[in-house]
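I have a structure here, written as structure tokens, and I will follow up with some questions on it.
Going in written order, the chains are labelled A, B and C, and every chain counts its residues from 1.
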């Protein structure tokens, strides 16, 4: 009997050992030490960040499109010395805003669409004023399997039938096969979904959601997997997920325009959309590590964005974000 | 009389013999069927394990972002660099931010050759996975891999063991070459600890009550039935319960907000505490039922002798019944905990995190667990993720094996002591 | 037996009893908690003006975002995977059980029983991985890429069958093993072969235990989540074709809660309504299973 007690006691005592590895070094530090991480040359007009001197945790959540980009920036932040916790949850822009504006759980919301007025209102009720930071541009990739031989280009009108009322490919264009269309689209919490509904269906969600043969997921990987599986499958998601799987998927050109850096830049690609992160001035001041991370993000995202699979936002938009940062930090 | 009966029903001797033969033959056929069914079951297990292990080893076609020969002309790999070359390449090519951190932790000149090699490979050369193959393919269809490497310039083959020690201690990462299960593993351990602390005392306590104290009343029979039903409820229902109760309703408690002086955290109930409590509820019925069985197995004579010398009921239980059944109780508990270790659905419903960069530091931390990590990696279409998902699965299975073996060893050890003592 | 113990003074000896009774009560609290939460959130779900009970049980489309609340597609997928699972698990499991209890030597049993235990202990996520990476490609190889979609209920169903196989085999073996030896001996004495004894005497005698086993296995298959989450599909689909993708009740719950629902939205409430249905189905199956096994258990005591 005593032996059991001893064993249990040992387990309790030894449990902190399980907390090995890297850990948070100390809780958030405010004011006096708050800006100790600012050092080094200015980058794009923002004070340099030394991640070695950033302390505390950062909580972010939101768009699955922005996720790979934020993940890369977080990894780089860590590589350069940040020793705290960053959590990034890939749950969809809508859910990310929910956590940011209603529950107040997150410090940063990742979004592949601009914040809605209703969401700004909700944030106001919990004392937050969202600040928008543009971080990149996505060329929404409408993709089909490599085995699809009949589709290289679509018009917006055809898209609205393919993802809406049509049941078979031949319904949209008689020269296409007489096979049911298998659809893989992001879930309703996703900013990508909202954006597509806005561009192709004039903001109506019903046609997309009442389509036959429909699979929805917030996890774009599931969509990629599904589209790979059949020549009659089609879906859409952020460009990075296409880039990661370029050897198994084909991207369609929209209205004759290919998704490329120059077409995104000059605005001719119809489905180019901005990527954002949102935060709030109070959070940035109370949790200087959040400010540091956003600074780091805005300073270096142009170096990483292409590697992740997206496109840089134009300088003007980036500068607006940087100015907003300086204003929020009252610098 | 009897003879005629037999004759009429079964015909003459030769027909009877024929009939018996037929019966025997069909018996053999079915015997063969039963054996093949069993063989099928064993085959399924083999298939499962083999398909997992097949993905743990194999060739990977890699491509470097920067070739070693571009850094030092003529060098084929970083391990060819001399000491001076290592240092100068690192200093010249590491990005400013990374160099700053690297120098801060340990100046370049003081680092070992192996360390510098690792740094250069990780941050400058940056290999990327193009394609992977399983163990079988790598051994048998090697020419396919070779052809692929031929077709893709600058790519090269390495034979990779995805379940390497590096894999076990590395962080989560987007890059399958760098990703590891440490964070998930620690998350799992933390949660199991909480599960144990919750379910063990309450479970054993409830079982003691039901076996030792409870009279056969309607209430107690209902309690018993209720526990049986709970043990068969799908695990996802416990997830829903946990979501509504621990994550939402008890949020101030589970997020650590009421301890906010001690803990730095924001209001969010998706913590280890919530996960542990939920799984605790899940395994509670199992522990209760198992402990009851263990207590039932203790012969009544033991109790009677204790009462006979004047012990109270509680003294009998604490000093005699429990020690006699502790081996089975512990074994059953460990088995229940190993079931909890493999649970995925309830924790997904509660909201384990997608990307966590640092290990859990206390029970109010966000978390991810090994099964959830496997789930996320399995869902990714790129081939390399299959490999690390398989590696993580093997790690999980080994962990479970260790737990189960511990349970059996404890049972044998304590049972032997019991036998020796009596 | 409990009340033979010496009763000492009031306070001391009652404390353990009360504490332990409270421990046991927690199990009731859990059940009540589950029922309460499921019912309350379901009530919120059904009180939404767009949702009607009739629509829920008879509607053929499930898409809460646009007001379609018919849960038949989800139920249909759940049933498809469960039936496929049972078609694999019951025959093979029963055969294994018969072999183990009637035919196998001690040595074989000594090897096979641990094998079954190992299979039983493997976490369901591993089966999910297996379904996606092995079973689906296998089915696509056999039946063709254009017949079998990459997400489909057949693959999930077959793997769930493998998953419940050890459970069926073990429990069925217990049931068959508990049939008294006398029955078998009597059959042999009358000249029956081993097969005839087993099929015509032993199995009918164990029928109650076997039925209980099958019902419990069905309940397990219905409640299975990770295998369908990885392999069956991510969109509700009312179809009889098991090679098509279709989302089950459990798959939907996991997908929505993984995507993080806003509290008090119709999506959030819907997962609880579905949870209630799931709980009801598995509870009914478990209850019937216990009743069946109890009723006949007494016959051979």
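Note that in this section a residue touches a chain if its C-beta (ideal position, glycine included) is under 8 Å from a C-beta of that chain, and two chains touch if they have at least 3 such contacts.
Model, not experiment: these values are computed from the prediction.
Contacts between chains leave no pair untouched here, as each chain touches all the others. Contact count check for B-C and A-B (C-beta pairs in contact): higher for B-C.
For the pair subunit A and subunit C, the distance between mean C-alpha positions equals 38 Å. For the pair subunit B and subunit C, the distance between C-alpha centroids works out to 21 Å. The distance from the centre of subunit A to the centre of subunit B, each centre being the mean of the chain's C-alpha atoms, comes to 30 Å. Counting only residues that touch two or more partner chains, subunit A has 89, 91, 103, 219, 222, 225, 228.
Within subunit C, residues 258, 260, 263 each touch two or more of the remaining chains. Annotation for subunit B: residues touching 2 or more other chains are 351, 379. The residues of subunit C lying in touch with subunit B in their complex are 1-8, 12-13, 16-17, 19-28, 30-31, 33-34, 37-38, 41, 91-93, 95-96, 98-100, 103-104, 112, 115-116, 118-119, 121-130, 132-134, 162, 165-166, 169, 193-196, 199, 216, 219-220, 222-226, 229-230, 250, 253-254, 257-258, 260, 263, 271-272, 275, 278-279, 282-283, 286-287, 290. For subunit A in complex with subunit C, the residues that touch the partner chain are 61, 89, 91-92, 94-95, 98-99, 102-103, 182, 187-189, 205-206, 209-210, 213-219, 222, 225-226, 228-231. By the touch rule above, subunit A contacts subunit B in their complex via residues 1, 4, 11-12, 15, 18-24, 27-28, 40, 50-52, 56-57, 59, 67-68, 71-72, 74-76, 78-81, 83-91, 103-107, 219, 221-222, 224-225, 228, 244-245, 248. Of all residues in subunit B, those touching subunit C in their complex are 23-24, 26-27, 30-31, 33-35, 37-38, 40-42, 44-45, 47-48, 51-52, 55, 201-203, 205-206, 208-210, 212-215, 223, 225-230, 232-241, 243-245, 248, 281, 284-285, 288, 300, 303, 307, 310-314, 316-317, 335, 338-339, 341-345, 348-349, 351, 371, 374-375, 378-379, 386, 389-390, 393, 396-397, 400, 404.
For subunit B in complex with subunit A, the residues that touch the partner chain are 95-98, 100-101, 104-105, 123, 169, 171, 173-174, 182-183, 186, 189-190, 193, 196-197, 264, 266-268, 318-319, 322-323, 326, 330, 351, 353-362, 365-366, 379-382.
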